[in-house]
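For clarity, chains are labelled A, B and C in written order, and residue numbers in each chain start from 1.
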Amino acid sequence: MTYGRPGHRDSHIMDFILSKNQLMVQKSVRKLATEVLDEWAPVLDREARPLPPEIVAEMGRLNIWGIQAPQQFGGAGLDSISYAIAIEELSRVSATVGLGVTVHNSVCLAPLLKFGTPEQTERFARDLATGRKIGGFTVTEPQAGSDAASIQTIAVPDGDHYILNGQKAFVTNGGVGELFLTAASLDTSKKTAGIALFIVEKSMPGFEVGKIEDLMGMRGNMVSELFFNNVRVPKENMLGRPEDGFRISMQTLDIGRIGIAAQALGIGRAAFEAAATYATERKQFNKPIGTFQGVSFKLADMKTALDAARLLIYRAADLKDRGLPFSVESAMCKAFASSTAMRICLDALQIFGGYGYVKDLPVERFFRDAKVTEIYEGTTEVMKIIIGNSIIKEFSRL
Amino acid sequence: MADTQHTNDIYSDVWVFTEIQDHERVLEGALELLTKGREIASRLNQRLFAVVHALEAEQYLPVIEQYGPDVILYCSDRALKHYDSQMFPDLYELLIRERRPSIILFPSTEAGTDLAPRIAQRFSTGLTSHCTDLTVMDSMEHGQGLLAMKRPAYSGNAIATVLCPHARPQMATVQQGVFDKKVVPGHTAEIIRLPFEYDISKLRIANLEAPVRWDKPKVPLEQAQIVVAGGRGLGSRRNFEKLFELSEIMGGEVGATRVPVFNGWCGEERMIGQTGRTIRPKLYLGFGISGQIQHTASIVESDIIVSINNNADAPITELSDYVVTEDANNFLCRLIERLKKEKRT
Amino acid sequence: MLSIAVTIKQVPDTQKARFDPKTGTIDRSGTESIMNPDDLHALEMALSIKDRFGAVITAITMGPPHAIDVLDEAYALGVDSCVLVSDPAFAGSDSLVTSKTLSSAICKLGALDIVITGCEAIDGNTGHVGFQLSEYLDMPLITQIHKFDVCDGHAVIERLYGHEYQKIKVEFPFLMAIGKNSNRVRIPRLADINACLDKKIITFSMKDLGGTTMEYGSAGSPTVVIETELFSHKRTREVFSGSPGDKADLLVHKLKKHNILRY
């Protein structure tokens, strides 16, 4: 595992302080979150509805739908740490908005930009980066979750098209998205080698949005089934070569996991801040409950874990920007941040006592939102497989 | 623009910009400044001037005279009906150059806060605004008989004492209500009428339509400057609704704790508390509210908190500036009556 | 295409600051520096005029070298050029000298149609600069603006003036002072934030403005602060006594003292 820049002699100061740009990004997204999104957060959750179009458009104006996309496509062209900061700030106020934004940015727009041909980026990038169209990424099927190689959606060549048939499950942004990177198999016997990725547009005949799931949390996201009924997809819409699909998907998830980790960090921070504020104001036995060690120790653990999660996320983001391998670090930050968020939400709820259990306060929503961060874009178990495999490889002397 | 004056020139006397309010009466704040000005002038052994520019200014002179000015300089003309940002500074500039006052005091009104800095600029002199106190000071370093002006700084977190040692006139604006007014019984003043000479065609802003009387519109709770809130202690919807009468008189908004909302005494949009709104008004009045954290966490940033509760130990008293231990309903009625009386006079 | 200058100021965040109890001044190490809130609204006014009518906006600030932070913020919001007016001689300026220095700098910007300032700064809290710029620049000052429009080469403005709502016609050039309730400040676009640090900042020093050190800074300021004391914000917890009628009277009296009840 190499860090740094081998062969270079310039002195590298490891910088743990945000740059001026990154601070300005943080301030701007925080302003968006607290001034515009804050009042919508409970509404999206309670009514299981998405953001209204005016707000989606305002976020487009602010380049939220294209945080890292090049400015020539209407994006902001920012670095990956700025990206993580933005997702954290959004998720702290509304985890479901953070989810929609990060899936759109990092597992739809990012792979398009990284693996797409100039014609493909020319055709699709601008609509996505400006938020005119929302995007998604779909691999999972009813019978294929962690075992992604067993997908049954098939793509059959027909002249200059492929015909896609199949069904997808748990598609984030499914109900609102207009463009989905879709994994389909050209030859199910070949398992991973047979999988290709297609850019599928909602407008294509035969494409259908199925049931919108009634979720425990992230309820402002229209997560849905997708049905492909003889959908004719032009050959020019294949992302990469026919044998690249699985590899691109895995690399896409590496990118996506940084965003999910940042999302979990935002949720955890929201729960921590709420609990810390409450603990200083709520008095029992004539003292603020935060002065009792049973509570203050929990808060201490929360703060430590949040900082650790943040550093892991920034590390993965930094490696990515340097063009160095970052799959393992990405898996680590996602596993750690999501389990941290879950633990913090549990403890925060406990600190709030009865008031934590009441829907009037947002703590129970943080708790419901946090859980899925341990599941999607690769469960914590899959993350540990990735990390474990890399350890074996590193320490093996054979 | 004038050169910087030196105290070698003779600058003497205390002036008060005696503003007329709504073409109806002398501004209370101006009378308060006359009283303070009287004190300062006497301390310095100088004269106090009341300076009045108004439409039909004569009618106000008897009242002004009661507050102790040695001289009243007045100018009366229909062009003076409204304060004007070009005309008044021009008129004052001439007067000041001619008569050279050492000190000028202005009420912190819209007119005063416009006029004072413009005069300060024309004389390259200092101005201290929103003063909370004015005294005469002898300073070893800066000089004798100087006006010491105290004013808030850092958004009200500090009080600064300011001197204007050399430039003249020394100028201050003062908010209404800071000083008390006091009549000087049997006092008479020398009254001097100033001729009105001004080319009003010089004025650069033209009204396109007849101006309309404007009373500020209703604002949502979070932006209200005054909030009157009610809780369980009011007892019933009928009692709670009296808060609307109070808020109407005071120009504020009505808020509530959980209890009134849950009992249907008012709508949810009025709830202030952890699950409702957070407010930071200038004034918060809590009637029959005990002060549970769920509510009080959302009011702590109010400038002034007054609590009315029949329990002297209610938690809300710890965060209050003023504590009224009375039955909330009873006091609410009294306060409404008292304010109505205030409005009538 | 209108030509607009906006004066902005970097201030300590006095609403969140920590204070040194001995000197009564701000503990700068613990306090963040921000753009004065009213000035953000002034920038927003300029930007909305640019959106509607087309304009070139210059943001100008007088301060120490680190005041470029507010100029970067102004670039991130969308202004076209930025000027820093800075010199050690300018330190300790009171409101009069600040207005004078700013107006000298503004005069060097070329012909302007509108100059916009914030109403009041949260550190000095004087509110003088708008009026004094109006005098130095010899431009009328408009405040409490509700609606702004341009037609036939002049501005038509609806504003509050005392108890009146007026619709007035104003010829260019003129000044506007903008406060917190005027508008909602836009959120900086991420792409503009990314680009802002590469943009040029023009600097004016005393040499560029002319004059001597006696005319600027504390040397040139007619007022001097001789003492600053911390103002305690603890709740007074004053318990009223007497009959309910007495208490009502006392409350009304207190509210007048606090300038909450008007006569």
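Here is the rule we go by: a residue touches a chain if its C-beta (ideal position, glycine included) is under 8 Å from a C-beta of that chain, and two chains touch if they have at least 3 such contacts.
Predicted model only: the values in this text are computed from it and were never measured.
Asks: What chain pair has the highest count of contacting C-beta pairs?
Replies: More C-beta pairs are in contact between B-C than between any other chains.
Asks: Computing the C-alpha centre of each chain, which chain sits at the greatest distance from chain A?
Replies: With centres defined by C-alpha atoms, farthest from chain A sits B.
Asks: Among all chains, which one's averaged Cα position is nearest the averaged Cα position of every protein chain shown?
Replies: Central by C-alpha mean position: chain C.
Asks: When the centre of a chain is set as the mean of its C-alpha atoms, what distance in Å lies between chain A and chain C?
Replies: 41
Asks: Quick check: how many Å separate the C-alpha centres of chain A and chain B?
Replies: Roughly 54 Å separates the two chain centres.
Asks: Report the inter-centroid distance (CA atoms only) between chain B and chain C in whole Å.
Replies: Their C-alpha centroids are separated by 22 Å.
Asks: Quick check on the complex: what are the chain A residues that touch chain B?
Replies: Residues 281-283, 355, 360-361.
Asks: For chain B, which residues are in contact with chain A within the complex?
Replies: Touching chain A: residues 274-275, 293-294, 297 of chain B.
Asks: Inside the complex, what are the residues of chain B that reach chain C?
Replies: Touch list, chain B to chain C: 1, 4, 22, 28, 82-83, 85-86, 89, 110-111, 113-114, 117-118, 120-122, 124-130, 139, 142, 148, 151-167, 175-178, 204-209, 211-215, 223, 226, 250, 282-283, 303-306, 312, 317-326, 330-331, 334-335, 337-339, 342.
Asks: What part of chain C is in contact with chain A in the complex they form?
Replies: Where chain C meets chain A, its residues are 69, 72-73, 76, 187-191, 193-197.
Asks: In the complex, go through chain A and note every residue touching chain C.
Replies: 20-21, 24-25, 27-29, 31-32, 35-36, 61-64, 67, 71, 75-78, 82, 86
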